Amino acid sequence: MTQMGLRHRLYRQMEPNARDKTGLSPFNLFIVILVLLSFLALALETEPTMSDDWMLAIQWFNIAIIAIFAVEYLLRLWVAGEDPRYRGLKGRLRYIFSGYAMADLVAFLPELLWILFAPEDSSQQVVMVLRVLRLARLAKISRFIPAFDVLGATLNRAGQQLFTTLAMAMALVYVSAVILYFVEGVGGLQQESFASIPRAIWWAIATLTTVGYGDVYPVTPLGRFFASVIAIAGIGMVALPAGVFASAFSDELRERENAKLKARNEALEEEIETGEVAPKGDA
Amino acid sequence: MTQMGLRHRLYRQMEPNARDKTGLSPFNLFIVILVLLSFLALALETEPTMSDDWMLAIQWFNIAIIAIFAVEYLLRLWVAGEDPRYRGLKGRLRYIFSGYAMADLVAFLPELLWILFAPEDSSQQVVMVLRVLRLARLAKISRFIPAFDVLGATLNRAGQQLFTTLAMAMALVYVSAVILYFVEGVGGLQQESFASIPRAIWWAIATLTTVGYGDVYPVTPLGRFFASVIAIAGIGMVALPAGVFASAFSDELRERENAKLKARNEALEEEIETGEVAPKGDA
Amino acid sequence: MTQMGLRHRLYRQMEPNARDKTGLSPFNLFIVILVLLSFLALALETEPTMSDDWMLAIQWFNIAIIAIFAVEYLLRLWVAGEDPRYRGLKGRLRYIFSGYAMADLVAFLPELLWILFAPEDSSQQVVMVLRVLRLARLAKISRFIPAFDVLGATLNRAGQQLFTTLAMAMALVYVSAVILYFVEGVGGLQQESFASIPRAIWWAIATLTTVGYGDVYPVTPLGRFFASVIAIAGIGMVALPAGVFASAFSDELRERENAKLKARNEALEEEIETGEVAPKGDA
Amino acid sequence: MTQMGLRHRLYRQMEPNARDKTGLSPFNLFIVILVLLSFLALALETEPTMSDDWMLAIQWFNIAIIAIFAVEYLLRLWVAGEDPRYRGLKGRLRYIFSGYAMADLVAFLPELLWILFAPEDSSQQVVMVLRVLRLARLAKISRFIPAFDVLGATLNRAGQQLFTTLAMAMALVYVSAVILYFVEGVGGLQQESFASIPRAIWWAIATLTTVGYGDVYPVTPLGRFFASVIAIAGIGMVALPAGVFASAFSDELRERENAKLKARNEALEEEIETGEVAPKGDA
């Protein structure tokens, strides 16, 4: 192998596609773990029963996270130059406005600015907006876990079927709600929970997805009769889009894995043919 | 292409089968959206906590909808003449008594008559009947979304299996209810909710569909034991008809899509052969 | 076709296997409907809020049912002579002690005896026993709906896999219950509902089958954490036996349908070859 | 067959792999039943409403179990010498530190020591620890039911897909919880149950697994709207890892059964060829 500078080495650490091994590089693994921890911190931070000591620890952790993500952002901006697309000033600008870079920026900048310039303004609105913006950190993970961008491909692949089954499910939910509204809300015992179609839709969704919280249920014999028929006939219907999606998602995932394996094998074979590297036993 | 009159052009806009592109025509898309909005309006209209302003807006929207659907009905009646089956006076009568045309009529006429002749009679009975009749508008959508008429074909295709599994599920629900009735309603703590077989059936359905509202559940150890056995053994059984249906529905849908694609391709090839149109790149 | 006596004609009406058409004979259809109605009557009879008029009607219906089933039993006993196995006195005895004939007897005799000899004794115990015995009428239906005896074949077919997955599910339920018992019942807030392993098993079954009545659920953070992990990891596990059963049942059903169709075709072809009947268009 | 000593005969009884028939040997069946009974006893023992007589019976049963398991342990240690790996003193030490032998030891020793040396110390802590240790008896069963060690192979087989789908499910749970936290806990009616993200996660898991206890559910229109969308879109997502696992588990199980059958057939054929045993009809 030829010599390579620090930037190139960093690039191979930070850019998943530039890496010649499978799996995350140590650097990216560290980032992923930080993001997961920051989500855990976000969750715990909102819990009012946490002790003050914990809250203080979480605040310091948040500041550390922001600092690390700021450094990461600058590093990624620097090493982006290794990619022909992002070379030069114009390339860097293109990088800055790329989706992942934007998400990276949102993931630390608003909170950094707040800490630097207005830490005393801890009104609920500000805190809430900052917390919502932290969800942009999800993009940091999605860059490494291919499944997250499989979603779009799945929706594409199963589009027509998914749309049809969703339309059927929606129609069923609506009609079920209308029936129960007439039986339980208008006729029968005039239950408050079925007093309008939107409320009956809440019942229909809770029932047809089989969640069944138990906050709303029919009490008249007629209402129970219709609810029974709807439940037995409709549960399969409402589960259909989920099934279609699951199956398409699973197919997409398998295909990608196969394509990736094939590409890797071909690359390896080519390398062997060109004599660049000798085949190893653990390949 | 040859010249064509307004009626022919409208016919190709309104009749999905006469259209040479896939997807809805702008006119039909407009109708579908109106129907969906009218269902939304129906739902909101029943909500007692809506403000008066909203209620007034919804009423005006309803009147507009009825006017549009009336115009649509007359237009469809006019352009039906393009279809050989519905040509001439006798053909038009045949059209009027066809399923979709009847549904189109029910979708606006009763409410139109009520607005014109008896708007002051807003007794609950009349309002409720009018609201139920609005469900006929579902037929307007089902004309364009093939899935809605796939239902019949699916029931045909899976008929025998569906019937058998439904019979098994019903038998299981009944026997489960009888067991719990004897254990919880007659013996044990004599729960009110299990005091008769019909009430126990309500429990059995809520349990075996896994909805589990929590309004009824066994409390004695023996009742819980039987309920556990029934749940573990029976859930698969009761989910079977839904599974059979879902699988047949999905198969039917796929076959239709393939058949449609094939027909379109053949038609295209024929056109190319006869030299009517030149093959385009985006075919 | 040759002449045949009344008994032979009745035999072909009553014995499904002796019938040359598919579907139920009018006589058997009548019996099946009667059985279903008798189950409906049984259900309604137990409902304390039914009016006295209805109760009286149901009682008369019950008496009519018993009379009809008694006549049916005697008829079946008579026509059984058409079957070589049940010919003669010894054959008839063999018939009487066959499973279906026993169930037929239990389906009417106890109640007939009670009506004839001790109608005044309507103590709850007697009424309950009589009601339970009526479930024997299920056998009357199972004779005609092949699916009911498919159950045994299914259990045979999927035996090993079913047993293994059930054992896994049971182990999971038990271990989940033990964990929640220690976390919620012994440690934590010492909930009454988790105060013993049997009670925690009730929670585990309600959760892992996703019924979730809501009568029992963890409230401590640790309990909720374990419950979450158990739910996400375990639901697939507990649904596995049901899935294995459903798939084997569906396979068994399809195979039987195919075998039946094939047998019918072969019989038909043979008949055509031997020239007994001429092939008809609607075959 | 040649003569064989008691140890060899016992070895064939105790070691499943040394047995030439399928199924459990009488000795191992006895052990499995004892383990199952001991788990039943453990469950009943924790139930505070059990009568004192039952409790006494259970205590005696526990002592008997411990004695039997102690004897079983010593026997297994003795017969382990039949296995070349565990021959001699060094081999025995290796056996003692093997997984199953350790579990066998934990299954009786702690409780035996407690009975022998400190029965008067029945503080809750001690009792609880002893009860938890009894779960080690599961290993006794897992030795005979191959399914238990199929788990590892399944996780291996479906690893990548399982991980991806689990990550998606986790992300969905988290994002759903955050949305409902902002809508129901921060905005809206400020429900206590949604007052922090961890609490909202409890709701998200109960909903997306369709357990739906009903202890937590949205009440504001906006919250119900988001919950509906999340439920319909997300249930398939969260069920995906369970589906992936179930399918891989089922595949693994089938493959193993086939491999076992094949191995048995080959062994049989070899025996026939070498003339060691004559082929029997019931093979």
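Note that the chains take the letters A, B, C and D in the order they are written out, and that residue 1 is the start of every chain.
The working rule: contacts are C-beta pairs under 8 Å (C-beta built on N, C-alpha and C of every residue); 3 or more make two chains touch, one makes a residue touch a chain.
Quantities reported herein were computed from a predicted structural model and do not represent experimental measurements.
Contact tally for A-C versus A-B: the pair with more C-beta pairs in contact is A-B. Interface repeat of A-D: among C-D, A-C or B-D, over half of the contact pairs recur, by residue number, only in C-D.
The centroid of the Cα atoms in chain A and the matching centroid in chain C are 46 Å apart. One inter-chain figure worth recording: chain A and chain B are separated by 33 Å, centre to centre, where each centre is the mean of the chain's CA atoms. Chain contacts: chain A has residues 198, 201, 210-214, 239, 243 touching two or more partner chains.
Across the complex, chain A meets chain D through its residues 39, 42-44, 46-48, 124, 128, 132, 135, 138, 141, 145-148, 166, 169, 198, 201-202, 205-206, 209-215, 238-239, 241-243, 245-246, 249-250, 253-254, 257. Those residues of chain C lying in contact with chain D across their complex are 160-161, 164-165, 167-168, 171, 174-175, 177-178, 181-182, 185-186, 195-199, 201, 207, 210-214, 217, 221, 224, 228, 231-233, 235-237, 239-240, 243-244. For chain B in complex with chain D, the touching residues are 210, 212-214.
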